[in-house]
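Here it is: the structure, laid out below.
Going in written order, the chains are labelled A, B, C and D, and every chain counts its residues from 1.
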């Protein structure tokens, strides 16, 4: 039914980043992907979204085989993602950053003005919802770190994805904003969007997620609801290096 | 049908030429490995070194090979300065593109200055042993070509030893493979990158001297070299020194052999065809080089 | 939303340009000045055409001289060998070059930056070889003489071609402006800013790049073909010269690649400067030195060009002019973050 | 902050430079001088690929202007040269003549160097109805463009350079006559013209062409071509060379120890640097020449003496060709009695077409396309010196065949 991978494997030179990752996420839920540094979480995201081609294994989403497809194809299949270190288009305005996610329906549609009324309205709507509407005209590079993270999310939401992969949404974010992001994820989830979140902030993970997958050395070692994961010995072992 | 002697002669010439290509391509691929910089000015420095060797011979009457005593350290310093003063100032986000333009500008600058200093006249070192040669299994090998090949071989071997056997080489390889990890273990990557550039340019000094022994030089000659060299580093896999050396020998040999049926001009196209074929079918190159995929 | 003032500036620029283009032939004191003007205008068209790729996607091609040369030779050969009408040949040559740009683009754009530049330079060098060697078709180094399309005296010939080039420039500017404000243009600019990110948002980056490369090639070929009809003598050495491509890059960068009129302004400055260097230092290769130094300075200190630099200068004169410096700081931050990200990957 | 400030400064500086450049380029039209010299415009490749021969041509023109002026000028007016640099570039050469004729309003124009540049330049002159005598466009293509105002000021076009040699070889008894020919020519209209002129005549005479190579002008490595030629063991070697390529090919052949019975190279062997460049292994090498310092024509004696006094060395072929160009123009101007743009140019053209001109390379006449009617002399390196060996009437030494080893 949902996003799943079978035996995903990826090595960089001699270093194995993914070592047979077989994972199935829960549709309509907030999933979390945790694990110690270097356990392959970001590589996993990159393989799922087509940024990196896996050496072996399959990626399927809603019965569709997405293995080896280009990133834009995967994005159009309904999987949106943010990046670990928040990537925006720094020399474009915040509004244009969001509008850049509009997908033209054809050649003539592509040549229509970028600031079309309907889309601009939608884009402003997302900016408003994320609380950065007042910055719509500012070059994105001049926004603060937190504002950039929100802006990136606005861009992803503009593509109207069913599933959203967030790579460390809490990284470098102040507590007030952290709360807002948490609330936002819950709201969006309630509207029917599935989340997969890579995160180191355990408080956020435990309070937010319905289902947790734990990675170690490029493969899942445990999964389950927060209550189970919290007490799993293998997880503790992985984190403590036992 | 070409005779066996001609074929063998062409193989010998191709190998001798390939050696020089290998040395020059090694320098070019070193820069790319260190900084993701496509160093257009590499062949301009090559011609500069050739001019210095020529000048050395012409004015001082000394053997051009001795000019390396001056040019190699000089080029090393120039490489360090080039990296530290110019390339390090570029914004990382646009480094690859802008460095091409910057080194292109340096190449044009060198060409202009060479033209200003020595005019556009073609120059050639006249050596007593310039037309000497000896026979080998029916092929004839010119002494100067053999010296050039020997120089290239020694310089390549030296480069290999520096990279593989010294602490500096270890740091350099670490910088190439993982700049941030290298920084974490206490390597001053900026300085190492500078020295890496110096070594790259020093190979151009050796190559230029080797080139000057047996060919004519003129200021705009560097365009003639940069195309094949860039093709070689792409075919070899951007950033892979052994890959570049292997591709250089192969393409040099191929060029030499193709000259028999196709003539010199068409034979040169082999480099570009290999370049396009590589990018179209195997962008990561044919001899490894994991960097290529992303550039 | 474009503000009223920026619309006014834009309108004034268009008006100024139109007036300049229409009145120059009348003002030129002699045919020489007019012909020198055509050379600059030709550069302006080429630089604007180059800017479809360079400005929108950030891919800097050093090989556009080759596309212009192909347009020129294509037009010339279709006139001389196939006996076509000059302007039919021009249009057909444009289509042929566009078609050829597809496989070239596919090889060059598949991978990122560095390979693109390498291919663009290789394109010039390989075409030089082919057009020199394939003498039975191209005339080789003997050159190709392209017949004049009109039977006019030389000054009249110049005047007609001035207006033809002006029309082509207007067309190129119009097309650039249309793309600039379109969704397609926004996608291209996103590629320039962050190609991975643009693709992650669903933009088919490869197709976008390819399309805009072909559009750029088409305009470049038109400019080259028109030049061939005007100039009459084609020689591979001059048609397929890396230096031509570098002049285009210099012009566009100097003027500002993100600005509609940037390449035009750059062509004006560089074109006039080339003429000036020739007058001042004609007997030496110092024009190369000057070109090199200028290019290096632009790359090091003004990668955004004079127009944006002048714009931010104006902004600084007003009180609230902190934006530019803020952006520099963030760019530096961004760099650190990118680095850190690559470590973890 | 610092970056921004620095950027500003550059913007200002560049803006100022641009304004200066614009100012400097506009409106420096020269006022006509009172005593009204005859201004002769010429564009020469003083930089770029052809800069070396370009300088030779320049010296020839300068010598001509000086000698004419020392003798009182033309029609009582001083001759003044206006020389522009075309950087060996066809775009520039056209702009230059455009400038000379349109802006500077010169009275006469003469030709640039190299066939590649002559054709575009001649078209400008043609379209402004200017007489165009040129010293360097020797390839046959120049005369196939339908130019009506063009004249080549030398004894013969490239294809006819070796006529005397071809006739001599084909006249040899069958037993001695060479059988096989190897040709290597630079991809250049002039160099190919000379080589192919001889090649085609020998082929028509029954010799077989075993190697026929073309190399681009920028070739520096001749190893492979030399290997092919050496492997063919051809009796006759024809090199269509400019200068350095000829030297390189000869050295590469010597490295392979190839010894032909006859070796002919265009232009290279007549260069004063040649012997030193090939390590003095010059024995027997042939070359055509349109000019000899020792030629007995009266104006030549004067030219050699005065040129040597002016420049310290005797003139070479490039200088002589430029001088000849000047002589042809001067003869026409003197005969017609005018030198300015307009109708006068037509009269000058008509006069040259109908008359014979005495020059330092002998008497010259032209056909309707501007092609001179004559052939070159053949020189051969003998005992460390280059001597005229053909035609028999002009020979300074005996033609040596087969040539001694080099």
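Just so we're on the same page, a contact is a pair of C-beta atoms (placed from the backbone, for glycine too) under 8 Å apart; a residue touches a chain by one contact, two chains touch by 3 or more.
Since we're looking at a predicted model, the values are computed, not measured.
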For this session: List every chain that touches both subunit B and subunit D.
Result: C
For this session: Report which of B-C and A-C is connected by more C-beta pairs in contact.
Result: B-C
Exercise. Based on the averaged CA atom positions, which chain is farthest from subunit A?
Worked result: D
Seminar exercise, completed: Separation of the C-alpha centres, subunit B versus subunit C, in whole Å, is 31
Problem set entry | Whole-Å gap between the CA centroids of subunit A and subunit D | 72
Exercise. Whole-Å distance, subunit A centre to subunit B centre, using C-alpha means?
Worked result: 45
Exercise. How far is the middle of subunit A from the middle of subunit C, if each middle is the mean of its Cα atoms, in Å?
Worked result: 39
Exercise. Touching two or more other chains, which residues of subunit A qualify?
Worked result: none
For this session: Would you please write down the residue numbers of subunit C that are in contact with two or more other chains?
Result: 129, 132-133, 284-285, 287, 331, 334, 338, 340
Exercise. Where in subunit B do residues touch two or more other chains at once?
Worked result: 115, 120, 223, 263, 265
Exercise. Subunit C touches which residues of subunit D in the complex?
Worked result: 1, 3-4, 6-8, 10-12, 14-15, 17-18, 21-22, 24-25, 27, 29, 46-49, 84-85, 87, 89-92, 94-95, 98-99, 101-103, 115-116, 119-120, 123-124, 127-128, 139, 141, 145, 187-189, 214, 216-217
Problem set entry | Sites on subunit A touched by subunit C in the complex | 37-38, 42-43, 46, 49, 51, 70-72, 75-76, 80-81, 83-92, 96, 99-104, 109-116, 137, 139, 141-142, 155-156, 158-159
Seminar exercise, completed: The answer for subunit C against subunit D in the complex is residues 29-33, 35-36, 39, 129, 132-133, 135, 140-143, 145, 153-155, 157, 231-233, 235, 237-238, 254, 269, 272-273, 275-276, 278-280, 282-285, 287, 297, 301-302, 306, 309-310, 312-313, 316, 324-325, 328
Problem set entry | subunit B residues touching subunit C - in the complex, by the definition given at the top | 32, 36, 38, 40, 86, 89-94, 96-98, 100-102, 104-113, 115-116, 120, 178-181, 184, 219, 223, 226-227, 230-231, 234, 238, 263, 265-266, 268-269, 271-272, 275-276, 279-280, 283, 292-295
Exercise. Can you name the residues of subunit C that touch subunit A in the complex?
Worked result: 1, 178-179, 181-187, 189-190, 193-194, 196-206, 258, 323, 326-327, 330-331, 334, 337-338, 340-341, 344-345
